[in-house]
């Protein structure tokens, strides 16, 4: 069974470590905050200028001056700090964020990522995504493995305009957890009940399958 | 207005001197911390052919979006746009030039513009459409591109509090691009929620020193919320 | 030490891992805002062959100057040095390498090092000995040189207050180079006069977010004054 | 009569305008603060991170955490602000300071200035001087016109290592107020009782004297 959005978030959350500063992109990555393991503390960085993002506010707490990068009203966690956009991206671009999770349209075997633009269709802009992929060492991309029509999004070469070049090492799709190295995809884990054969058939870029591929534990 | 007193008494005075085809740098992220009344004054003046530098372009009837119907914006340099229909229409028709710029690069370009740095290298955008026409260089085995600074004829800024000398304090995430924008305008105009006397702000807590500020005006703000997300009280 | 608690209990622990021939970036201007006890710990450890990056090099018996008698410093990158005899002796004898760097360029190099900017252009130093061996380029008819960023294996920082998460607040002009230094160390060690619980510092008033801080220690400080200038009470 | 240090400071102070942000270098420039004309407000920038430098403290006010760029204990004026060194030099290098006053060993007809190093003799460093001369449009250099031995310091070409190239337009010496343009010195004013002939004899670089040269008003 392909992972649900919630399960994707759950699996990513297993990669969190105590004391991590984490930037979660819009969409599925945002859900990761709901699955932080017991006994682990992380601080969420929101690139509009907040480190230590808290939960959504109650009606009474709503403050127009306090939003996250998705423009949602939020609160501050204990020990939060506020800073300007240059400082925020100094953190991101200087490699100070421990883990970045973001979505994508396509990734390829060379670690390229396309996530911000579909020419002629979606041209809203990259926001902070180009900074995030260029600045972080530790990135997890979450995405669906293929389109509804079965067209793979894990490619030999991205077809859409790139968000970043050679910067992605780990991809979690609804079917598989994959590492990218040496110009190849490596299958690390498969979604519960999903066969290796199915993953191979939906992966256009070269996929290396070594030994028994374990099922994800969720 | 004598000495260091930057306070002006009308929005007309605040934006005096803004002319067609000028470049305006605006603070704000989404609709948070935007100089909403200064934008309205630009709308009222009807200044045209503007190049706007701002992370976003507002929505249909609020923020920079209100400069679209009258075609006041010639070009926008932003990281994320198109939250409104008129924007998309003008962009698709080629009536509006859009220079998409990564958010961090945009912040750094404004800071560089204010700090006398004409250009800097960054890894952001390497190998992407953003790199087109830009110099690429390797440092320690990583690839970077050269990004030029941005300066504006005007910068429009929203702060929380100021003293009459133009020392500024921002509030929560309404800070965002405002401090950088403030440094990068030939004329920097700031609107605030409260003006106090010099000496009332703690010098250690001033986010933007008054040296960057040319004009200061007291405003009232709608502060529209784009994504009103709440949890129930019982959670 | 779990989660985000950065507090360590000894200076030995604070500087653990510092090894010969490493690069150390230090905050402070003159003797103001220097991490005096962290420097003493480096003296005590006897680490040698260090490259120091700091605006100044202290005086004979205080600040970075105390690392000179035992020849712990191989090279110093600074804007203004030589406030003590041993420094001059070592420099003149070629025992100490000195890379003089303009003060603003030094601050910007540290900031760039922390912000992922490998190099930037600046007008400062164009046509001077500082420009030797550096790329020169014209932008808009003005001349600039390309300056590389600086990063350190360690950064040593003095702040006023911190919470246990390493969020820092500086006091008056003791701020100086400290915030930039804090961003540019692989391991950033901060000593402070007071440690409070997370949540006690106003998020809007934090000068350096804890993400840049690896270790935090509570110290007591002599705060020596270099030029004690006073006016009489009656003036 | 050659100007005294105090008179040099007095003459510079006449260039101050209401609302000016001013950076005063160490030495004679510092004295300018004592001669700010009536009815004029200026704010002093100290490059270690203070805008709005006040007078020296009383014994009771002394604070080791509050010094100026000369490392002297100071106070803050009303409306002062504190910032880090990067912000301080962003102000300076970004051209936000209205007037900079600093000393020099030599200047020349091309606006070059040498002020920080005498090879083999004085090698303490440039501090913020290179940033100040490169960043400011409006600079006044204060210096003695010639050495005690009558060797001119206003030259065709600086002989010492430069602090900045082509950045000086106005020089106030103990003998004359001089403008630099088109590769020449222009004599604007002479010190009271000092003859044009004397100034010419002590100026090695080409000096243009147009019409009657007025005496300084002090």
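Residue numbering begins at 1 within each chain, and the chains themselves are lettered A, B, C and D in the order written.
One rule holds for everything that comes next: a contact is a pair of C-beta atoms (placed from the backbone, for glycine too) under 8 Å apart; a residue touches a chain by one contact, two chains touch by 3 or more.
Just so it is clear, the structure is predicted and the values come from calculations on it, not from any experiment.
**Q** Check every other chain and keep only those touching both chain B and chain C; list them.
**A** A, D
**Q** Per the definition at the top, count C-beta pairs in contact and tell me whether A-C or A-B has more.
**A** A-B
**Q** Please indicate which chain is farthest from chain C, where distance is taken between mean Cα coordinates of the chains.
**A** For chain C, the chain whose C-alpha mean is farthest off is A.
**Q** Taking the mean of the CA coordinates per chain, how far is chain B from chain D in Å?
**A** Taking the average C-alpha coordinate of chain B and of chain D, the gap between them is 35 Å.
**Q** So what's the Cα centroid distance for chain A and chain D, whole Å?
**A** Taking the mean C-alpha position of each chain, the two centres sit 55 Å apart.
**Q** What's the distance between the Cα centroids of chain A and chain B, rounded to whole Å?
**A** Measuring from centre to centre gives 28 Å for this pair.
**Q** Note the residues in chain D that touch 2 or more other chains, in rising order.
**A** Residues 76, 82-83, 89, 92-93, 134-135 of chain D each touch two or more of the other chains.
**Q** Could you tell me which residues belong to chain B and also touch two or more other chains?
**A** 108, 111, 115-117, 122-123, 170-172, 175, 203-204
**Q** All pairs of touching chains?
**A** A-B, A-C, B-C, B-D, C-D
**Q** How about chain D: which of its residues touch chain B in the complex?
**A** By the definition above, chain D touches chain B via 18-19, 21, 40-41, 43, 45, 51-52, 76, 78-83, 87, 89-97, 134-135.
**Q** If we count contacts the way the header does, which residues on chain B are in touch with chain D in the complex?
**A** Against chain D, chain B makes touches at 2-4, 111, 113-117, 163-165, 167, 183, 198-199, 203-204, 206, 209-212.
**Q** Please output the residues of chain C touching chain B within their complex, sorted ascending.
**A** Answer in residue numbers: 108, 112, 115-123, 139-140, 142, 144, 148, 169-172, 175, 203-205.
**Q** Spell out the residues on chain A that touch chain B in their complex, using ranges where they run on.
**A** 46-50, 55-60, 62-68, 70-74, 76, 82-86, 88-89, 92-93, 112, 117, 123-131, 134-135, 161-166
**Q** Which chain C residues qualify as touching chain D in the complex?
**A** Checking each residue of chain C against chain D gives 29-33, 55, 78-83, 91, 98, 100, 102-108, 110-111, 122-130, 143, 160, 170-180, 207, 223-233, 235.
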